[in-house]
Amino acid sequence: MHALKIENVYKSFGDTEVLKGINVAIEPGQFLILVGPSGCGKSTLLNIIAGLEAATSGHIYIGEREVTNLSPKDRDIAMVFQSYALYPNMSVRKNISFGLEIRKVPKAEQRETVQRVATMLQIEDLLDRKPSQLSGGQRQRVAMGRALARDPSIFLFDEPLSNLDAKLRVEMRAEMKELHQRIQSTVVYVTHDQIEAMTLGDLIAVMKDGIIQQFGPPQVIYNAPKNMFVAGFLGSPSMNFIPAVVEQTESGLGAFLEGGAGRIFIPLVHCTQALKAWVGKAVVLGIRPEQITHAPEHEGRIQIGVCRINRVELTGPDALVTTCLNKTDVIARVQPSSLCQVGETMALGFDTSMIVAFDPATEEAIV
Amino acid sequence: MNKAVGRQHRAGRLFIYGCLLLVAVYYLVPLFVMIMTSLKPLDEIRTGSLLGLPLNPTLEAWRVAWGSACTGVSCEGLKGYFWNSVFMVVPAVVISTMIGAFNGYVLTQWRFRGSDVLFGALLLGCFIPFQVVLLPMARTLGFLGISGSVAGLVFVHVIYGVAFTTLFFRNFYVNIPRELTNAARIDGAGFWLIFFRIVLPLSPPIIVVSVIWQFTQIWNDFLFGVVYSAGNQQPITVALNNLVNTSTGVKQYNVDMAAAIIAALPTLVVYVVSGKYFVRGLTAGSVKG
Amino acid sequence: MPVSHSKTFFKDLASAAALERLLPKLVMAPTFVVTLVFIYGFIFWNAWLSFSSSRMLPRMDWAGFTQYVRLFSNDRWWVAAENLAIFGGLFIVLCMAIGLFLAILLDQQVRLEGAIRTVYLYPMALSFIVTGTAWKWLLNPGLGIEKLVRDLGFENFTFDWLVDPEKAIYTVVIAGVWQSSGFVMALFLAGLRGIDDTIIKAAQVDGASLPSIYWRIVIPSLRPVFFSALIILSHIAIKSFDLVMALTGGGPGYASDVPATFMYAFSFTRGQIGLGAASAMMMLAAVVAIIVPFLYSELRRGRNE
Amino acid sequence: MRKLASAAMVAVMSVCLITGVKAGEVEVLHWWTSGGEARSAAELKRLLEAKGHTWKDFAVAGGGGESAMTVLKSRVVSGKPPTAAQIKGPSIQEWGDEGVLATLDEVAKQGGWDELLPAVVANVMKYKGSYVAVPVNVHRVNWMWVNPDIFKKAGAKIPTTWDEFIVAAEKIKAAGYIPVAHGGQAWQDSTTFESVVLGIGGADFYRKAFVDLEPSALNSPTMIQAFDVLRKIKHYTDKDAPGRDWNLATAMVINGKAAMQFMGDWAKGEFTAAGKKPGVDYECVAAPGTAGSFTFNIDSFVMFDVGAGSSQEAQMALAATIMEPEFQEVFNLNKGSIPARLNMPRDKFDSCAHTSMDEFVASAKTATLVPSMAHGMSTFSSVQGAIYDVVTKFYNDDKMPAEKAAETLAAAVKDAR
């Protein structure tokens, strides 16, 4: 049995189609992330799961029952909103118990639940305040509390952390992860933040233009992106895309990268079967910045090239340097200690084991 | 330097207060004249200055206007009509405000295809000259069997007041985030529960605006009042008109003025008492396009 | 709960959800019907009348454009139309200017703000009948301001607009502005209170003077208020019937007639309902021409935001 | 159980009893809301209630019945007309055309109205030969109200022609008085104008112009002359006149500020209220050049078809009551007019009323009895309004030549027919 199954969901507003056939299924206790740039349809999809909007066609199942035509209140879900949407005229206690009250849960049980949730989220001493008297982080907790109190079969989160400042966001992220592991609930979580997606999710659905581009566990998506969009969307700084021509050499398939200070040979070791057809043709090579580092560190399948450095950015733990290969800016992640000056050359090591090749016309990965 | 700034500041203040007071006089003169006139005996009005204080102030005119001025074959003043107006205004204001609130709620939180067009059409509708609707409305009221009754009058006022109350509430509710009502829907609340438990508790500022506006409009209305009310149910404006518009006989200006003030008293009180909330209510969102 | 409930139970839930989706439309339905019948239906009815030969009571026959031909050859109609242009233009501009000016003054942390505001606001509470009567007195040369100033020793002072056919319409403007500018003030005051303080602070840091802050930053951001005020004021201006009736009765002669009084006189007093209906259609056409573009652009903006 | 049944019986019987009396209710739309008029209407109410019917007052004042007409039209359209309404002149025919009036022939036969009413009056009250309206009074419009004191002080003679008027007015002006008290409202302008037209053109011309609406009369040298005189009259009024109510103008004559006023005989009520006596404190004379002529303005009540039943009974009773001498006397004493029915005892009436009664009968014989244009007795309201517009426009626009006015008048009347 799936905890949530979305079958062929389409949605259009007037002439514009915002969801074009969505199919997703997750198991109970899984944490699904819907991620994508704004306008990709992820929030609409979440609203359709919640029943706040009706799908134009398709089916939604929660647990064993179809909920496509049910109103939100009959779907057994809880939702946390980006703006928290706390009821301004009610105290925190009332906010949390409102859903229970409407469902005619006995008074005593309501009190107990509010207490339990408040303890869990450490908001006991806020219970009698009004939302206007709370800080952003406190409001966020109350919003979570309101969802937790209901103990639904699915939690829906709509960018719940995006209104918090950076530090608080990291804290809350960790807390949510821990909470999820503790209560083992099923979650659908919308975000445009790829770090949240990577850290929180059991499964990620990367969306663009109303289509799920790729669906799978975070690490799989990270390492084996299906297309250039997914590859570029996850990871920060994002993956380097370098145009190159596939060549057949004695040591196998590979490509040459032309830099300011010399030629670097990149052997292509994945999907060689498929790549054979591309010999002599142009492809786009995807290399993540952390796969290009200062030379001495690496072992194994490493190619070393000397590159001219055009830009240097320090992030603290490491440094990002920009060089130019095949007339494209390429970012490398290096240790600050081995840093050189702008304009100088530096020996960089390329970990070629993770390189992905894309069809420049379709932007699909060549597999 | 500091001194110069201080002097400039003081001059600025002086300018502000000067302007405000001057304009206040412009606003107050007509009221002053009305009150003074109502307190003067008739011969003093004929001889004295319009703006002069009464030499022998008397409340006689007020007494006459309230209790014994002629408004037809009966000479019982305005007191009966006063209550006619109250019985008409209260339901009309309550109903039109309620409908306006429901409409505003739907138009912002439960939009559907065509709801904006409907709103635009409704807004355009408030520009229809009321003279145009007199006859067709009369026929409709006759058809519904409520012509010449308080119910009919309330009906008319509600219909032509809804456009404005809807405008007020819509512009207010547009600022309530959709997420709030969505959260309530997820929590299990339906259309009405959300309205009464979430939206309505946020509404007092705009309710004040709507009530003041409707109250003034309906209380002061003459045209509908005169056309759609039957003899003994006429609202106070019609009685005032009968009292002031003498076709024969000596014009009793003091009584006219006292009557005019009596007729305007409830709305004046409403404005004075709730003026503060009125501006607050407007601030809270009704003026945002 | 028993497990066997599922099929029908969920079907019931689904139909309940369908009902709930229908509910907003049901709630709006009465308003929809009312708008359709009592506004657009009546406009249509009136349009029909304007093509009929109706005189004392409505008669639904077909007379073509006769009534419009008569309307356009009627001198009084053109006087009324011109008066509406003068009155409407001046009334709206003056109300806005005075209202905005007063609102800005009142927004300077003025003492006794509540009392002053009430003074400005109270005329709105009075009916136009009362306003008209009071101003009729004040503007009457033999009774009011002219006599007062002359009694003070200025023998040559004249202020006889009320009885001057050329100027009578301006007295309507004076009384109308008196009545409505306070309300506009309240609208603007509310708008000013709603402006984010930081914008003004930022401008001050940039070194802008107070007048230029208002002129360049505050007033432009009051755009929605201008829109609301315009809607309400033009609504009052076009319907200005009671005020004219009470103040000048359309006189001297018909020098201060406006379309609303024209329409009323011909439809009801003169027994020329067809002609009155034609004039009403012209009024509506003018409203549509002026208001609809505004309405359209504002509503569109609202949707895009 | 038995108790209940008997209680029901009682209830049913009492209902029967109440309806058995056939007491009905009349709803009367009028615009007599103040002073003498209100008292007159109250008298009618008293008389009707003495007959066991109830009176539901429906007063709508303002502008000589303008608001009342609006209300009346709405009520008729809504299908619930009042029992009776104050309608007069050719409008009665218009309402007759709509088929909403009740016929009063039975009451008229019983009361012998045909004998009591002068033919001129009776004709106005009939639609297609049936009585549909009841007259309450006859006003004479072409009066001139005079303050003899001022004339004496100015050494002027009360004018009997328009030439004499100008001579007298000049003298009065020189003596420091306002020669003519006037209120600048459309109907007052036209009231003065019709007296001028009658005085200059005579009854035949008047009839051609304002009853037959002949363009040759409307745009004629005589009409131009009349407009010229109107403009001269304007020069003898004060500058505060625009918008003034007629009774305030009358007060100027009473208080010795102005010498003359052209106004119908309702102005007498003002003199009476101020304690003035005709022939002593004031004079009532025919407007210059109109002696022997009589412009009549008859107030009447039209009865609407309210269906059979108790309200119809009450309606008939109302019609009969209005025609009774008792009411006609009280009402007209209050209002300043003369009774519509002939052969009434006249001892309670004053000298002005006596003059009026005599001239009414006399002018009917010499064909100098004409309907008042300014008061809606000669034409439909649309034509009346068109004439109003031209007259008041001319009166207020000193730059408009009289020739132009006459031309416009003919055109406007043609347009409004």
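The chains carry the letters A, B, C and D, assigned in the order they are written, with residues numbered from 1 in each.
Criterion: a contact is a pair of C-beta atoms (placed from the backbone, for glycine too) under 8 Å apart; a residue touches a chain by one contact, two chains touch by 3 or more.
Because the structure is predicted, anything quoted here is derived from the model rather than measured.
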If we look at chain C and chain D, which chains touch each of them?
-> B
Looking at mean CA positions, which chain is nearest the middle of everything shown?
-> C
A student comparing A-C to A-B should find more C-beta pairs in contact for A-B
By CA centroid distance, what chain is farthest from chain A?
-> D
In whole angstrom, the CA-centroid distance of chain A from chain C equals 54
Chain centre separation in whole Å, for chain D relative to chain A (CA means) | 90
Any idea how many Å lie between the Cα centroids of chain A and chain B?
-> 56
Between the Cα centroids of chain B and chain D the separation in whole angstrom comes to 38
By the touch definition above, chain B meets two or more other chains at residues 134-135, 137, 190, 241, 244
Find every residue in chain D that makes contact with two or more other chains and list them.
-> 63, 70, 73, 77
Mind pulling the chain C residues that touch 2 or more other chains?
-> 20, 58, 264, 268
Which pairs of chains touch one another in this structure?
-> A-B, A-C, B-C, B-D, C-D
Across the complex, what residues on chain A touch chain C?
-> 51, 54, 65-66, 69-71, 74
In the complex, chain D residues that touch chain B | 27, 30-38, 41-42, 44-45, 55-64, 67, 70-71, 73-75, 77-80, 245, 247-248, 251, 266, 269-270, 273-274, 335
Complex contact set, residues of chain D against chain C | 63, 66, 69-70, 73, 76-77, 91, 94-95, 97-98, 184-186, 189, 238-243, 380-382, 384-386, 389, 392-393, 395-397, 408, 415-416
Complex contacts: residues of chain B adjacent to chain C = 16-17, 19-20, 23-24, 26-31, 33-34, 37, 49-51, 99, 102-103, 105-107, 110, 112, 115-116, 118-137, 140, 159-160, 162-163, 166-167, 171, 174, 190-191, 216, 219-223, 237, 240-241, 244, 256-257, 260-261, 263-264, 267-268, 270-272, 275-276, 278-280, 282-283, 285-289
Contact footprint of chain D on chain B as seen in their complex | 70-75, 134-135, 137-139, 141-143, 147-148, 226-228, 230-232, 238, 241-251
